[in-house]
């Protein structure tokens, strides 16, 4: 299936049938990767990875996905060596890159930058994160991971930690209810889910995600525990940070209250919020997530850059 | 055709028949790229992009060109992570790289560095800019762009802006008269074309490029307006900069005096010297230039690294 | 032959028959590279080059080797743009990279980091240098170079310069005696070979490497002069550095005392310790070393990542 847009900028732009098509394509990619098949769909195509803000994980994931489809990658990480430093506008930069590549995967510190870039060029642009705004490929890979582990319908997903600045959890708020997934949320008060997102989700889907009283309660309730990192920088008072972060740590003791088949996801990097002791439990699926990230990006690259589909 | 030198260091080294051969090869590459053909001329070959001074545009353009020819790229951008920081000489660095790659495209802050590198190794070296000295692939792509838009013979090219430090305009001063192109120049007094270049061009071709009284006059005269960036750093006095730069801005009003089929070129990045309103006019060809840059570099890489020619 | 370990972390881990197998595979690779054959052994495979500490030479050598085997490369150089900066542990980083790539070549400032990484993932990890600890591919390429120039048996190798911090000379202390190569050492007193290595080598092979009285004596004695860089940073007193470094310089005068067929090796980068005048003498083999480095790494990549062997 062809997506309606030439780009992927925000999860909120996607219709349910598009999300389903992406998940199906990713399922197909997963099969070929597991069989060790060398793919050639994007042979001769070039992806430009423009990371105005550095990110190892997302950049390497895109590069791995492009390579596994037989394509090539050029790009930069950090603006150290870019004409941005000479005062070039984002539009000019991407208009130039359009002449070097067949598609762009970009991360940029400013909200709205990915959409601006997409409007400036004819080649597909995939948003790999624009400030605190959107990170749609992460949200799609989260969705794909949940689907691998559970039925989406009637599964209970608890979103935990920093719900204010976490762009992935914002995207999941729109994507999960599409498939009948139940959401509840739990976070420190200062890092709560923005009310405008709560309102919009309620408006779209008719129900307002429930708030859990504590992480402990969330663990009891959840089929999927989606943990995010609470960043020190968000707190003016370091003592306040220590107190709050300390009560959002996932360890063996906390997990004693969990359903047997609960799974823990995390967009990574994780710092102290999931103890290493959890890694070897059957709950831990956060490294599998990274693997699913590659196949989801393979699916997206093929759907947006594949000659056979948009030729 | 084989070039006489194994390297491309300076536009001034090229004979007319060599320049013509490069333009013809680029024309051929343009055809294959437009047909979307996947080329394999440099399959199995490795280009090292050694950017001792960062540059997104030139580096990505070389990498795109090499990739489109079926070759591979290794390299670095910035000396942050290089043995240069440990005190290694340029000669030693390129002698090592000679063992990793089949060709080198390099940018270096020091004038003469590309020639020194070329003399130190047996593999081809392409100069991607050495200080304020030379940037021959940019000059060749400018020439190619002009040829795409106009006949070179009897076309009037006005070089505008910073003619003192702009290495591309220096190269064009040698290349354009080869083909019977008329040049005139216009610049702030402190950024004038160096007299030794004026003299040398006069010596070679028998005519001295005319100076235009103002940008406005140049626009009236020109078939091609070649605009360069006036950099703030060149002016000790910021007020002086503001005054001068302000009189070298291309906008709709200025263009009302232009011939209908005039075209505007710019080596990019552009900052304020061409207003965004110009981008959507038929005059604007500066983004096409970037595209032609890839095919010209494909031509050069193939002529210098192609097994069939120098095997 | 398959190596016993999935990884290459330390030269000391290798049995003699493994070292021999690597040298033979490298010999085979050398033949194919010299014939200009394009290899496909690692087509479809991805190598991640994780250089937490930058290094042009080693990184580009690995990337060249992987490319020459038909494989692809993703990675980073410097931690500027990595999640390490967000506080991610090395284990987490490599567990993620395991999902993007089929093998890892890494350099890290901390001793033991490569082994830790290797234990955290199922894919092969090749140590490209961990602090002052090990740099096994450099040691193997040194060995391979000596074998190209001399018989290993009964050849006399003098290790000179900084023997305290030089990780390559440490590895050579274990590798050379395996093949009946004689070692002697000469260094400034403060940069002497650690006693525990001297003891271990004596314990393993029954002989203790002889100390030469001066570089001059070492040159007279040696078939192979292995020179290392004496770094200014190692000396608290700059005058002391000047005095010591000055007496460890290889120049034409010193070489007048050498055997006619002596060869000089150096892990590079070289700064002042070998004068440029030596480069054009038949003694100088340090740039050939870099070339052999690529074929040795090709051998290792193929032995560790080749589907046919570890599939």
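Order of writing sets the labels: A, B and C. Residues in every chain begin at 1.
Please note the rule applied: contacts are C-beta pairs under 8 Å (C-beta built on N, C-alpha and C of every residue); 3 or more make two chains touch, one makes a residue touch a chain.
Only a predicted model underlies this, so the values are computations on that prediction, with no experimental measurement involved.
Viewed as a network of touching protein chains, the structure reduces to a complete graph with every chain in contact with every other. Superposing the C-alpha atoms of subunit A onto subunit B requires a rotation of 120 degrees, rounded to the nearest 5. For the pair subunit B and subunit C, the fraction of shared interface numbers is less than half, so the two copies use mostly different residues to meet. As a whole-number value, the distance joining the C-alpha centres of subunit B and subunit C reads 40 Å.
Looking at subunit C, one finds that residues 80 touch two or more other chains.
On the subunit A side of its complex with subunit B, the touching residues are 43-44, 46, 48, 72, 74-76, 80-88, 92-93, 95-101, 307. Residue ranges on subunit C touching subunit B, taken from their complex, read 36, 38, 51, 54-57, 59-61, 63-64, 67-68, 73, 77-78, 80, 229, 268-271, 276, 287, 290-291, 293-294.
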